[in-house]
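Letters A, B, C and D mark the chains in the order given here, with residues in each chain numbered from 1 onward.
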Amino acid sequence: MRDPRQIAVVGVTGYTGLELARILLRHPQLRPPVFYVRETNGAKCLAELFPQFRGWGEAPLRTLSAETIISSNAGTAFLATPHEASAELAPSLLDAGLRVVDLSGAFRFQSAETFTSWYKLPAPHADWLNEAVYGIPELYSAEIAGARLVANPGCYATSVILALCPLTQPGWIAPGSSVVCDCKSGASGAGKDPRRDLHFVEVDENFKAYNLFTHRHTPEILDHTGLSESQLIFSTHLLPLSRGILSTIYITLDEPQSAQNIEALYRKFYAGRTMVRIWPAGTLPELQHVAHTNFCDLGFALDKSGRRLIIVSCLDNLGKGAAGQAVQNFNHMLGIEEHTALQ
Amino acid sequence: MRDPRQIAVVGVTGYTGLELARILLRHPQLRPPVFYVRETNGAKCLAELFPQFRGWGEAPLRTLSAETIISSNAGTAFLATPHEASAELAPSLLDAGLRVVDLSGAFRFQSAETFTSWYKLPAPHADWLNEAVYGIPELYSAEIAGARLVANPGCYATSVILALCPLTQPGWIAPGSSVVCDCKSGASGAGKDPRRDLHFVEVDENFKAYNLFTHRHTPEILDHTGLSESQLIFSTHLLPLSRGILSTIYITLDEPQSAQNIEALYRKFYAGRTMVRIWPAGTLPELQHVAHTNFCDLGFALDKSGRRLIIVSCLDNLGKGAAGQAVQNFNHMLGIEEHTALQ
Amino acid sequence: MRDPRQIAVVGVTGYTGLELARILLRHPQLRPPVFYVRETNGAKCLAELFPQFRGWGEAPLRTLSAETIISSNAGTAFLATPHEASAELAPSLLDAGLRVVDLSGAFRFQSAETFTSWYKLPAPHADWLNEAVYGIPELYSAEIAGARLVANPGCYATSVILALCPLTQPGWIAPGSSVVCDCKSGASGAGKDPRRDLHFVEVDENFKAYNLFTHRHTPEILDHTGLSESQLIFSTHLLPLSRGILSTIYITLDEPQSAQNIEALYRKFYAGRTMVRIWPAGTLPELQHVAHTNFCDLGFALDKSGRRLIIVSCLDNLGKGAAGQAVQNFNHMLGIEEHTALQ
Amino acid sequence: MRDPRQIAVVGVTGYTGLELARILLRHPQLRPPVFYVRETNGAKCLAELFPQFRGWGEAPLRTLSAETIISSNAGTAFLATPHEASAELAPSLLDAGLRVVDLSGAFRFQSAETFTSWYKLPAPHADWLNEAVYGIPELYSAEIAGARLVANPGCYATSVILALCPLTQPGWIAPGSSVVCDCKSGASGAGKDPRRDLHFVEVDENFKAYNLFTHRHTPEILDHTGLSESQLIFSTHLLPLSRGILSTIYITLDEPQSAQNIEALYRKFYAGRTMVRIWPAGTLPELQHVAHTNFCDLGFALDKSGRRLIIVSCLDNLGKGAAGQAVQNFNHMLGIEEHTALQ
C-alpha cells in the first residue's frame, strides 16, 4: 500500500534538491524520506555524498530507477530533475499510483505549444498537461489539495505572479499600459553545473542582465496574471550573492490611488495566507528578510500622483521559489498545515 | 601666478576623494597635487593617513582653509566635499581666480528652486548656478572647455543620461510613454560614514530598493534628458559589491526599429568619444567590464516587435560616476586629451 | 512560581540576540519567550522592531529592567548583553531565583584577576565567578545540568578548545612545543554597532589580521586546554563573509602517529556528542557545512613524518559559537535532549 | 632583428594572462604587444575575445605556434601557459634568440627531481633548469638583468619568501624551530577553468583549507629560504574574494628582540626596493591595500617576551604574485625602472 507520507526525493544533487532534503529531513510528519540519484558511487546514505548532512538523521540513498521507486511503498515523489527527466519519469510514477510534485518546467503549461516553443522540446502528453495543477497555493489551494500532479512554478514566475495577482483584478492596472518586471536573482538559481560564467571570479563584484526578452519563465507569468504578451516586459539579472530574488515591478494604475488602498488590496487578497507577508506602506522588504525562509515579502511605493506604483517582491529562490514551495504544495495535498517544516 | 596644473584636492577622505587621489597621482601632466582635509592629525602627507598610498610619490597634506588654498599658486581645485561645504568654498576660490571642479550637488542646477526643493537647503547665488557647467563632456565639451566652474554630475544621473540622450532626439521615444530607469549601485556610492545599514553584515548577501520616487539625482536626469516628471520613473537599489552602477532602462519606441538602427544611432551619437563604449547588438555589458575604469558601457536588447527597447548602462560610480569624470572634465578645461590618466 | 521553560531574553538587538530569538521561537518545549530591550520605541512585539520576524509567532517585547523580569514568572534568562550589563544584571536575577545563561565575558573566568587584566574592568563578585559553569556541554555537561549560572564561551574559544581538548591528554602534544591557532572569523562576530572598519566597502574583497597577541578569548583557551601562556599562539583574522569561524591549528606531536590513531582519538573523545562532527582522515570541513547550524566540525591532516598535525575546526560564530551553544546549555540545564531546536 | 621591446604574450585567456595584458597595454616603453592564443575563433584583436579591452588600444591577436612567434621580430615572450606547454615552448623560443619570462612552474627548480616529484611530469632539460633565474627581483636582480630565461615564482611562494628572507640570515630564527606559514588566497589563484568547487555558490560565504602538506609551492619556499623540510609548515586556504594572498607566518626567534630591531631589519633588507613596503611596528597591512597593485606589504607583531614573532605578508596574487612580478622582471631584464607600468 502506498503511504503518502513515505517520500521519494529524486535528483538531490542540485541546489534545489539539497534544499528539499534539508526541509524534508526536518518535516515532523513524514517517514524518513528516501533519496534517489543517478550515481550513488557506492554511497548508502545522503551524508556520504554530502557531508553537511552528517548528524541529520536517517537518509537512505538509492540508485534512481522508476521501477525501484514504484516497487517501494512511497506515496509521493518530489522530482528535482531537469525537465526532460521529469517528463519521462512522472507519468510512470503517476500510473503506479504515486502523487508527484515536479520542480521542473515540464508540466507548467496547459498548452503543449507553449512548452515546445519556449523549451524547444516535445511536450509531455496533453492528458498530463491538463491534469497538472500549477503549484502556487496562494492562488490554487483547492486544486492542489486534490491534485495527483503538481507543477511547481519557476522561481522568477512565483516572485512576479504573487506581486501582480492582486492588481490583475479589473480596475487597477491601466488597460494596455506596460508592466515592467525588473528581476534580480542570486547565483544558485542558475544551477550547480560548473560553467565559466558562474565561476566565483566572474560573479563576485559583478552584476549583469541576461536573457532579455527570452527567459523561459515568461509564459508562466502570462498564463497566471492574464497580462498580454505586449504588456509584459520581464528582465532578469544575476546578483553576486547565493540566494534570493528581488523583483521591482512598475505599474501604471487606471486611477489615482492612496497608499492605504494599495495596502488594503494586498492585505485582503492574501488574508489568511501564512507565507506571503505584506509590508506596511512606507517600508520595503529586502532579500535578507527572506533568505532561508519560505516567505514571499511584498512592499510598494506610490508616487505623488497616485498613478505610478512600484511593487517590490522578495523571496528565496530555493525556498518559496523552489523547494520550500514544493513542500508547501505537498502539505496542501496532504491536508497538513501549509507552513509545516517551513519555519 | 596661478598654474592650472597645480591642483588643490579638497576633501580626500571619502571614497570619491581617495579615487580622485589615485587618478591625479598618476596624471602625467600635473605638478604634484596638494591635498586638503579638515583634520590632518599631524600628518604631513597622504600616506600617513592612508597607508595604501605609500610608495605613490609626493602627496603633501594640509589643513583645509580657503585662505591656504588661495595663497598657494594652485590654479584648479577639485572639491570632493559635501554640498554644504562646496557651496561655501567654491565662490571664494573662484573669486580668487581658481577654476573649480565640484563633485557635490551644489551647482548642478540652473534653478535655485530645484536645488532647494530636493536638497532642503538655500541654493548658492544664482550667478554661480548660471555660470556652472554641468560636467558631462560627451554632451557639453565646448562649455566645459571654457568653464571656470564645472558641476560634476551625480553617479546615477551620469549612467542614465548617457544611456538616454541619443534617444531623446525627436522620433525615437513614443511621446508620453513612460521611461523606467531601474538602477543598481555598489555600496561605495553611499559614502564612507559608518551607518548601521552599511555594516558589512547588512549589505552582504542582501539586495534592496531604496529612496523610491525621492532620489536627489532625479532632477539632474530631467534637466538633461528633457523628459517630463510624469514620464520618468527612476529607482535605485543597493548591490552587495563595492563599485559600479548598472541601469536597466525600459523604453517604448515611437515606431518599430531594427537592432541595426539602434546600434547605429548610438555609434553616431558617441562617435569620437573615447569614454563611452557601445556594445554590438546581441551583447550586453557587465559591471566587471567597467570597474576601476572611466568607461560608460552601453548595450541594448530589442523585442520582436521592434518597439520595446531595453538599454543597459554600466559605469564605475567612483570612476565615470565621480572622480574619473571629474578628471575628464579637468582635461577638457585644460585642452589635454580627455582620457589622460584615465586608462 | 518560576517556570524554567518561561524564558526572558535580554538584549535581542545584536546579531547574537537575533540568532537567539530565531532559535528560541522554534524551540518546541518552551512557553512563548519574552524579549527585553533598552528601548522598545513603542513596539509591543519583536516583529515591530525586526520585520524579519513577522509571521514567526508570539514574541512580546518589553522595556528592560531587572524588576520587570523578576516580577514575571520567568525561570530562565538569557543575557545577550555587553559584559558590563551582564555583570550588573545577572546577580539580581540569580538572587530572585532565575537561572541565567550569560553570553558575555563577565563570568567566564574563575579568577577575578584574569577578568580584570583582559577586560580592564572590576570583576563580578568572586562567589558568582566560582559558581558560574563554563558552558561547553561536550566538556562539562554534568556541571551544566545543575548550574544556576552558565557562562557561555567566546566564539573563537569554543572553536579552539573543542579542537584541542582531545590532544591535551598526556602523550599527544610534544611537551613545551608551540601550538599555533590561526583563526578566521566572519564579520558578525564583531558586533552590529556601525564602525568605520566594518563598513561594507572596508570588509568586502578584504582580509586582515587583528588583535595579534591581545585577543580577549586567549585566557579562556588557556584555562580550558591547560596550555601555558608561552605555548599558545593565537591569532584572529576578519573574513569577508557574515557567519563562521575556521581555525587552523598547528601541533607538534610527541610521537609519530597514524591518521587512524588521530581519528580514533577524536571519535572516542566525542562519542555520543551530537554537535561535534569528526571528519574522516583525508577530508576537511568547510565553513558552508556549519553555517546556520550548531555543529562544530573537526578535520585534520598529518604529514608524512606523523609528527606534524594540522587540525581544522569550523563552526558558526552565531551558532555553536554563541546563541546555539547557549540553547544547548539551556537544554542540558533542563534535561531536554541537547540538540532540541538546534537542527 | 629581434627587438626586446616587441613582446609576444602567450596564453592570454586565463586570469594571469588577462592581467598581463592589462599591464603591458599601458607600459609606456613597448611596441604594441602581440597576443597569442590556441583558438582565436576568428578574432583579430584582443577586444573581440575580451570586450573589456575595447578602447585600450592596438592589441593584435594571433593563433599560437612557436613558428609564428619566431618568425616575428619579437624579442621577449611572456608565457602565461600551463607548465606542460611552457616546458615545450620555451626552449624553441630561447633557441631562436628570444628572451622568455615563464609564469608556470616548469623552470622554477634547479633540480629535475624536485620538479618531477611535485609535478609528476618529466622535467625540462637540465641545461634550461640551470640557466633559468628565479624571478624575485628583490633577491636576484643582478641575475635577472642578464637572464635569457626567468622563471616567475608561484604566488604563495612569493608571499612567503619575501616575508621570510630577512629572517633567514643567521641569528634570527631559533635553530630547528618550526616556521608555520598559514596562507589564504583569493579564487583567481585557482585558475579560470570551470570547476564545481569554484562555482560562485561554493566559494561565496565559504572558507576552507586545501592541499595541506601537499602544495606545489612548498619546494620553491624551501629552495629560497633555506628552511629544512621538517621546519617549514605551509598551509593554503581559499578566501571568498577574487584577488589577494595574505600569509600569516609564525616564527620563534633565537633571542628576544624589540619591535624596533625587527622593523629595522626589514627596512634595511628592502632598502631601495620600490615594491616591498614595510609597515611600521604596531600596524598591519590588509589585502585591500595591495589589490590591483604590484606591492608586497609586510607588517609584524611581537609578543611581550620578544621571542614570538608573527609576520603578515600581503600581495595581489595576479600582481606581485604573477603578472606584475613578471613585468617587474622584464623591466630588470631591459634595464628599465622596475616599477614602470606597475603603479
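Just so we're on the same page, contacts are C-beta pairs under 8 Å (C-beta built on N, C-alpha and C of every residue); 3 or more make two chains touch, one makes a residue touch a chain.
This structure is a prediction, so every number in the text was calculated from the model and none was measured.
Touching chain A and chain D together: B, C. Set against the Cα centre of chain B, the chain with the most distant centre is C.
In terms of C-beta pairs in contact, C-D outnumbers the other of A-C and C-D.
Work out the mean CA point of chain A and of chain C, and you get 36 Å between them. Separation between the centroids of chain C and chain D, computed from CA atoms only, is 40 Å. Touching two or more other chains at once are residues 202, 204-205, 240-242, 285, 288 of chain A.
By the touch criterion given at the top, residues 178, 180, 182, 184, 202, 204-210, 212-213, 230, 233, 235, 237, 239-244, 246, 248, 250, 252, 284-288, 291, 301-305, 308, 310, 312 of chain B touch chain A in their complex.
Partner chain D is touched in their complex by these residues of chain A: 15, 187-188, 192, 194-196, 198-205, 240-242. The touching residues of chain C, counted against chain A in their complex, run 26, 51-52, 54-56, 204-205, 274-275, 277, 279, 283, 285, 288-289, 292, 295, 343.
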